[in-house]
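Look for chain A in each of the two complexes below; its partner is chain B in the first and chain C in the second.
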Partner chain A sequence: MTTLLFIIFAGLAIGCAIAMVSQSNPLYSAISLIGVFIGLASLYVTLAAPFIAAVQVIVYAGAIMVLVIFVIMLLNVEHSEPRRKRLKFLVPVALGMAAILIAETAFILYSVQTSEKRLPGNISDVGLTHSIGEGLFTRYLLPFEITSVLLLMAIVGAMSLARRTTVLSATARVVPGAQVLAMDIINPRAIGDRTAIETETTGQAAHLLGVDFQPDRDQEE
Partner chain B sequence: MDLSNPYIHAVMIIVAITIAFLVIMLLVAATVLGERRVLAFIQGRLGPNRVGYGGVLQPFADFIKTMMKEDLVPDQSTRFVFLLAPMIAVVTAIMAIIIYPFGPTVTLPFIGTIQLVIARFDVALLYVLGVTSVGVYGIALAGWSSNNKYSLMGGLRSSAQMISYELALGLSLIGVILISGTLDIYNIVEQQSGWYGMQWNIIYQPLGFILYLIAAIAETNRVPFDLPEAETELVAGFHTEYSSIKFLLFFNAEYINMITVSMLATTLFWGGWNVPFAGYLFGRGTVLFALVSMLGFFAKILVFLFFYIWLRGTLPRFRFDQLMDFGWKVLMPAAIFNIILTASLVLVTTK
Partner chain C sequence: MGPQLSWYLALSAILFTIGAVGVIIKRNVIAMFMCIELMLNAVNLTFVAFSSFFQDVTGQLFVFIVMTVAAAEAAVGLGIIITIFRNRESLDVDDASILKL
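Take a look at the complex of A and B:
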């Protein structure tokens, strides 16, 4: 029974992994990657590690891949004709890496087969939420906290990078005529400030928004 | 019967899944009818009352009618994803029901002592959160694959909303986990059976419950958080292009989600199947006790479903920036405050 389940889920994971690499459409690749994660999570369950399986689904399949799909959907990638010549030098590199990976797998298989079998102490407890939580908050507290701080730094870094520095891009156009602008549109530092600022002319609005205003080009179109 | 035999166990589980599926489907039909009748009552109309006595057969008539409709697939759609999306939505919605205990442990004649739950495992609560988080794909992919601006906007709004409120939802449950010390929902319900069946977690977690309720309404895309299918702006949002049975799948998924979040609220905060004094009156483990407990469980779910319908008839919709502000700047800090408060109280009282 366990072998059958292993074949089903491992087959799903490997099939999805192959599909992920071979698909030309990025969205299909992303969906295949979700399949890989779900296949792996199912394997964790058969290995008596339900907690890591649940976390795998929540974090990878549920959060990270949603963001990836979000980006693909927003960018709306066009179908580009396959450019096979590009990055051709990567083929021998990939082949070499695959050879190393297969050698590693063979070595692990060999060493597992030859070493004497030893069961870990108290099997019934390993992989359960209770033992993982206890480990995280006692023995592995420092690595756990360091990882948290690292993640916090990543969040703050992403925030400071993603924050708008210029209000509009240089090629952006200003709506012609008198208009009312909110303070947080003009000044990126004043987030949420909705003080109204009225402008009389297009040039004035363009100046406030930091956009080059060329009256001639605007009148042409 | 020998319940420890793996084959009999497997048959029992299949029977349990079938019964649970049928019950949920009937509950969906009842909710759809209830929603139409209650909304009609709120708005001073009659609602559907012609098919069957008082309109009880209306959902089945609607089902047959929708099935008979032509199944349209947009010309420029991504066909495979277009077919996949409603399946993901309904499968992830219905997968969550396997962990809910419908009643206490009961000794049935000829069969033996059984637990009225399909599956019990260590990480039941995380399983619910995981399945819910995969459910986002159904809506996001539906919006993208339809090749329609309205659908895409609906799908994007929905995924943004569900990612934001998932955090608040997960954090609001941590208080209950801290009090019970387990993620197994069956144990969490058992622990609430003290004080003659009235030691419910709502007494210890009022703030957590309110936060959960709000986040759950947003997770199921119901009024006042129904921006993904805002009719006045987006036609029908992510399912604009869906017709016939595929629309039916999305429709079912929404109502199954409503039922499962109501079940979670009931099991975690309102005592699950615990009915006050039922164990005292009928004796624990008897069939009568199990029946009364089960009725209590469904009564509590129906109260939550009525609350959802009531909200839909009463409240206007949020604006999108208000929705995001509310999720991140109100619900999240409040949930974190709740966790800190609960953790300190648990620490003080157990020491």
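Take a look at the complex of A and C:
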């Protein structure tokens, strides 16, 4: 019975993983990746690890994949861009490296095949929430606290990365006709291009730089 | 007879290989990101399999910490992806060839 479940969920995971890599649309890849996560969570249940299975579904299939799909839909990139020719050699290289990895794995599995380790049949509390909580808060308290610091750092880092940086302050004023910008300030990809671009007003300069510019009300009136 | 430990290790190795191949083949930043998540999950499967075959809870605690790191990586990584797309109008990794955002 456990063997049958293993074959079903392992097949689901491998099939979804191959589908994920072969898809060209990132949204379909994300859906396939959720299939992999569900398959792995089912395998965790058969391995008597219900807490990890629940966390897998909640954190991976729930939180992380929702974030990924949110970003895919936010950016809304058309996936019909033509493939570039000079990248063709990557596919044989990847397949060769995959063959090497599989060969190494087969060698290791062949070496350890003699050890007939079976899943223990007796009931134990390893994998239940009780034993995991006990381990986290006694023996592994320091890694647990370091993890919380890591999460705080991730929050601050994500906020500072996603914030829109402003080049001009909202109260900046220039003399009309005198605002001259270099090309590499306006277009980040034109590195070292110092071609001067003149703008008439601060509003125009702000528009070129992609900054929201709201003129000060007091000075308009 | 139930599944043996080596079956889980083989499945984990296959999933890891598929993820590694995906990172090399894919040119879309988000697709590469998801392949990295797949590799993390393959390693998690190894941890859980060893943990329950040897009746030691330490492996599952490591899985818990790996999941936390993956969540932090998702937040920061997607922030970087959004910033790159905002500046370059593209998700192709070959367009993001300089370290400047």
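The rule is short, and it goes like this: the second predicted complex is superposed on the first by the 142 of 221 C-alpha atoms of A that agree within 3 Å, B and C clash if a C-alpha of one lies under 4 Å from a C-alpha of the other, contacts with A are read in each partner's own complex, and residues count from 1 in each chain.
Operating definition for what follows: a residue touches a chain if its C-beta (ideal position, glycine included) is under 8 Å from a C-beta of that chain, and two chains touch if they have at least 3 such contacts.
Quick caveat, the model's predicted, so the values are computed rather than measured.
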Does chain B (first) or chain C (second) touch A:Val55, or do both, or does neither?
-> both
Please work out whether A:Val68 is in contact with chain B alone, chain C alone, both, or neither, and reply first, second, both or neither.
-> second
With the two structures laid over each other on chain A, which partner does A:Leu141 touch: chain B (first), chain C (second), both, or neither?
-> neither
Counting only touches as set out at the top, which of chain B and chain C does A:Ala103 meet: first, second, both, neither?
-> neither
Scan A:Ile34 for contacts with chain B and chain C and give back first, second, both or neither.
-> first
With the two complexes superposed on chain A, say which partner A:Ser131 touches: chain B (first), chain C (second), both, or neither.
-> second
Once the structures are superposed on A, label A:Phe6 by its partner contacts, choosing first (chain B), second (chain C), both or neither.
-> second
Larger contact residue set on chain A - chain B or chain C = C
Doubly contacted chain A residues - partners chain C and chain B = 51, 55, 63, 67, 74
Complex contacts: residues of chain A adjacent to chain C | 2-3, 6, 10, 13-14, 17-18, 20-21, 26, 29-30, 33, 36-37, 40, 43-44, 46-49, 51-52, 55-56, 59-60, 63-64, 67-68, 71-72, 74-75, 77, 79, 81, 83-84, 87, 90-91, 93-95, 97-98, 101-102, 105, 108-109, 112-113, 115-120, 124, 126-127, 131-132, 135-136, 140, 143-144, 147, 150-151, 153-155, 157-159, 161-162, 164, 188-189, 191
Footprint of chain A on chain C - complex, ascending | 1-11, 13-22, 24-28, 30-31, 33-35, 37-38, 41, 44-45, 48-49, 51-58, 60-61, 63-65, 67-76, 78-83, 85-88, 90-92, 94, 98, 100-101
Contact footprint of chain B on chain A as seen in their complex | 27-28, 31, 34, 38, 41, 50-51, 53-55, 57-58, 61-63, 66-67, 69-70, 73-74, 128-129
For chain B, which residues count as touching chain A in their complex?
-> 78, 80-81, 84, 121-123, 126-127, 129-134, 136-137, 140-141, 143-144, 152, 155-156, 159-160, 163, 166, 183
